[in-house]
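Heads up, the next two complexes both have subunit A, just with different partners, subunit B and then subunit C.
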Partner chain A sequence: MNEVMEKIERYQVPKKENLWQKTANLRTSILYLSPAIVLFSVFVFYPMFKTVYLSFFLTDARGNAALFVGLENYLYLFDSTSFKKSMKATWLFALYTVPSIVLISFFLALLANEKLRGIGFFRTIFTSTMGMSVAASAVIWLFLFHPTVGVLNTLLGYLGIRPIPWLLDSKWALVSIAITTIWMNIGFSFLIILGGLQNISQDLYESARIDGAGYFYQLFRITIPLLSPTLFFILIITFINSFQSFGQVDILTKGGPAEATNLIVYAIYQDAFINYQFGTASARAVILFFMVLGLTLLQFKFLEKKVHYQ
Partner chain B sequence: MREIVLDKVSKTYDKQSFAVEDVEVSIRPGEFFVLVGPSGCGKSTLLRMLAGLEEISAGSLSLGGKLANHLPPNKREISMVFQNYALYPHLSVEENIMFGLKVRKISKQERKRRVQEAATMLGLSDYLKRKPRELSGGQRQRVALARTVVSQAPICLMDEPLSNLDAQLRGQMRVEIRQLQQQLGMTMIYVTHDQVEAMTMGDRIMVLRDGKVQQIGTPLEIYNQPVNKFVAEFIGSPPMNMARASIIDGRLVAGNELSIKLSQSDLAKIGNRSITLGIRPEHIHQANGQGRVRTTLLNVEILGNETLLAFNVNNTIWKAKWPGQWQLTAGSPIELSIDREQIFIFDEISEEVVSSPFNKDTVLEGVQTL
Partner chain C sequence: MNTGRTTLIYALLFISALILFFPILYAVSVSFMDGKDVFNRALLPSSFSFDNYKKVFSSVPLLHYLKNSFVVSSLVTIGQLTVASLAAYVFAFIPFKGRDFLFIVVLATLMIPWEATMISNFLTVQHLGWVNSYRALTIPFFASAFGIFLLRQHFKSIPYELYEAAQIEGLTRFQIFYRVVLPYSRMSLVTLGIYSFLTTWNMYLWPLLVTTNDSVRTIQIGLKQLQTVEVATEWGVVMAGVVVAILPTLILIFISQKQLQKGLTQGALK
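Moving on, here comes the complex of A and B:
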């Protein structure tokens, strides 16, 4: 036995507690956690397990499990062209929206971070889409996209460009939805990135100025590395949001034309609440869950190395 | 090596009031120049104007005889140490030290050589691969110093560099910074609110208050011949004791506790102004018959080599510093003597010195030669 333990054992003052006293800490912590545990169980954990459960069944019209089919629902989906189309649309949609949202909000945040007169006004404007509901924004864009009286086509007309069938053409519909989504999500990303920018100590830029570093040198060597945790967070959040887009699809195109905008969440909705196929809808939901999980894990694996946490 | 000349330099932010007003000074090459004052006195603003981080509202700044008001920071050949060191958290110590050299496109070999040299000088060789967050406060401070060393700029600006360190480390870094400055022969402009740093490090000190220069001089000039009440109180620890006083029957009286006989020349200088009496703690002694103070001891601090006594004079707490160890009890009555030759008398309104040991001496010499 070493010297330390010898001394400790000789002079230790033993604590006398019964089981009730020993668990005092545990009981208190469970009490503090209980509101969260209850809420999460009711609104997150139960629906999640129920979804997984239902994905192995055929259901009746009310959504009760009727016949156990094992992995049939999944096999059916992987075989269906409609599902493949939906997956393709979902990935394309993410590709259109995520990089644009991150880049545009980063750019706007850089602008709004400058100390200029009246910058508060622009900060408010750039953030304002955050305060607007999905339904309201979609309706606004529905008017903008209108083929004959819409503002967009009118403007194009002034430039001598032929009107674009924004929501009516299967080639344009996904792009139109993407534009709407970018517009809607910029507010939130902008706000978070601006917060990240303002967290960077001004001293660092002053020190760099004394060394003679120019704007872009500072941007790439100081701002971006120090902002990387924020950008990484925004990237993941935006990806997840883009996979979960629903409202704008429902209002603008209802998944059409020719399923061109049938994003996965909209397909789930159609399966469950229009076709009453709760089994395949649940299977789609489970697939979506694993897609998001996998993608997030991949991002952590490959991008987190480049993130500098302070 | 270049001289720094400031002529009527002023700064205003709101166009209503001055943050810095009419600063005139010339700083010699190789000088350790300290800007000292309480927080908000404009010392950091002045430093930032020198660095080119703030616009100069009026007045001229010249470096080596050339007007530098509108020179960008990197053209001024300066280096700067910030209060929080401004280390890049995502870069290693080595990359931090090299950052400025990379920007200036100095060759890789030269960079390596300078970093090695600076790291050895500051004892950082073992930490070059670490990130700033893995270093202690003192080590971060050294990294910031290393950046100045490698830049080889002839002028170094420091903005309260020691304020984040503990007392012991601060004492050690004071010596190191001073040595570094002398070794490299650079001109140092050093901002601090700590009068101990100002006294111990500076070749010359500029005392600032509310953006205005109060006094410029060597540490001893400022300590021995403060030009006004503010400087007298600000420099010295414990600070100079002050009390409102009046003249009664040719004696200087403060409250019920203090009464000193004044010379005719002092009385003549005072006239009928209202005045404040000032005396440094080391000039209050055991009772010896002259310059009597009768009061009650409030507190006794025995510091080993000296003893600080606190007592009340005209409703202000005074301190006396006696050499040696004195076993006295707080609460007991005590009689003290004030060294009459060492008293300062300030005008109550303008706060300027009316009479001080310095200008008294000349008068006394005059009397003796007669």
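Moving on, here comes the complex of A and C:
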């Protein structure tokens, strides 16, 4: 018996990994991650750098950098009334849409969080606009806003409201696009906020009810504080989405009237793909990037704070 | 619960649902109207006919666009699921030096809006000769940081003992991925799949840029085309096109509302 053990010990391979075995994890990881790494490099990081690069150049009609002009493209933009108009429209649009989307979705989620018979039906209806594409939504609203056959003014007429020049007037045009956008975005926000509501533990409400707390006390002392991370998440996402709006502008107004709805992405599109000004279009794109970056950093700051509190 | 409160909530639910769903209901209603009804701003069609649907399929190649949308959305869904699940598997289970850094790099892509890179991406795609091909509409979207993040969160909820047990059983890394992790996370894969399909189906700006003829044009661009061709005279036909375009995604939402809500909120908020 002892002899056998000795033999085994003698033949046992020393338990020391060589380099090949040591890097096994690394090799598998690189292999599995490579599709993502390659795709992100080609379609996210490279084009981001290229866009920054192009923003310092004048380009030919095919998008090749032709002449280095430094910050000229940016200075040109900051000086142009058209750019100022576009920026003003972009921020005003965010102001019109973001608070409305969050508030309406929150309201709908509160309603749909009640435990009632048939509530599933309402939840599905409230989520439905998430399935609506921007093209389909914009075409439907184009019809609703139509000055002669549009039914919206007719319906408002029943409420005693005079006909509104929806897409024809430069002030109302931005409102019209905002209404379309609010409607389209409610589905997704509703879904996320409802999910957040359902994650709140029922025990809290139970004990509040035992203490005799009313609906609004529960709403402001339990629901809103505990839901605030979700609400903040939706706020930022909606904000970023509003900066990225394009399809509704393209179908409803084409940036008009008088450039009143020339939101930043539509301006990029026109600069690059209609006027072939890839340099200034890239400068606009870089500005968009920084706007979104600012919002994302705000989101991270908030998350950090949340971690501190816990 | 007292009845007064219940009645009030039901009333609010009904009114909200009616207002929110009105544009969709009305689009369906208009799709059955003739020109006279549209002109009179009727709410319901005076007679019921499928003429508009017949017309819309003959005035633009709508079936062809639908097919394109199905192909593109399915390919992107499969691509995203494959790329994201492989990456998420590494981020959840296989430790190596520099993994956390790579994960931050992936998350950093969330800060770069697609619209900020579209000019360069368009030039790339043009340079590769991909314009008017499925490649341009699908490959750039195969990697999704959101998808990787969502799946990683779900993979991390798999007990690590299960992973170790599979290792002791002698399963290779790929076998563990394929036979343990993926089946265990079926629900989150379905959620991501539905979400990818929806967002791809509804994509507008990119297909507008990279399709210059009918060959791979998607239904969304078909709608824009329809609206410019038919507008002013034939709103019924345009609405028939809209209904055809929204039907697949609406059905998907109706089937999967619960699933999406659970899957997305877990990924987005945890």
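We adopt the following convention: the second predicted complex is superposed on the first by the 273 of 310 C-alpha atoms of A that agree within 3 Å, B and C clash if a C-alpha of one lies under 4 Å from a C-alpha of the other, contacts with A are read in each partner's own complex, and residues count from 1 in each chain.
Methods note: a residue touches a chain if its C-beta (ideal position, glycine included) is under 8 Å from a C-beta of that chain, and two chains touch if they have at least 3 such contacts.
Since the model is a prediction, treat every value here as computed from it, not as a measurement.
Once the two complexes are overlaid on the shared chain, A:Pro225 sits against subunit B while remaining clear of subunit C. For subunit A, the partner with contacts to more residues, out of subunit B and subunit C, is C.
Look at A:Thr124: by the touch rule set out above, it reaches subunit C but stays clear of subunit B. Once chain A of one complex is fitted onto chain A of the other, the partner contacts of A:Gly212 are limited to subunit B, with no touch recorded for subunit C. When the shared chain is aligned, subunit B comes close enough to touch A:Ser201, but subunit C does not.
By the touch rule above, subunit A contacts subunit C in their complex via residues 25-26, 28-29, 32-33, 35-37, 39-40, 42-48, 50-51, 54, 63, 107-108, 111-112, 114, 116, 119-120, 122-137, 139-144, 149-151, 154, 183, 186-187, 191-192, 194-196, 198-199, 229-230, 233, 240, 243-244, 246-247, 250-251, 265, 268-269, 272-273, 278, 281-282, 285-286, 288-289, 292-293, 296.
The part of subunit A that touches subunit B in the complex is made up of residues 201, 203-204, 206-213, 217, 221-222, 225-226, 308, 310.
Of all the residues in subunit C, the ones that touch subunit A in their complex are 6, 9-10, 12-13, 16-17, 20-21, 23-24, 26-27, 30, 38-39, 41, 43, 82-84, 86-87, 89-90, 94-97, 99, 102, 105-106, 109-124, 139-140, 142-143, 145, 148, 173, 198, 201-202, 204-205, 208-209, 220-221, 223-224, 227, 235, 238-239, 242, 245-246, 249-250, 252-254, 257-258, 260-262, 264-266, 268-269. Of all residues in subunit B, only 51-53, 72-75, 78-80, 82-86, 88-90, 99-100, 103-104, 133, 151 touch subunit A in the complex they form.
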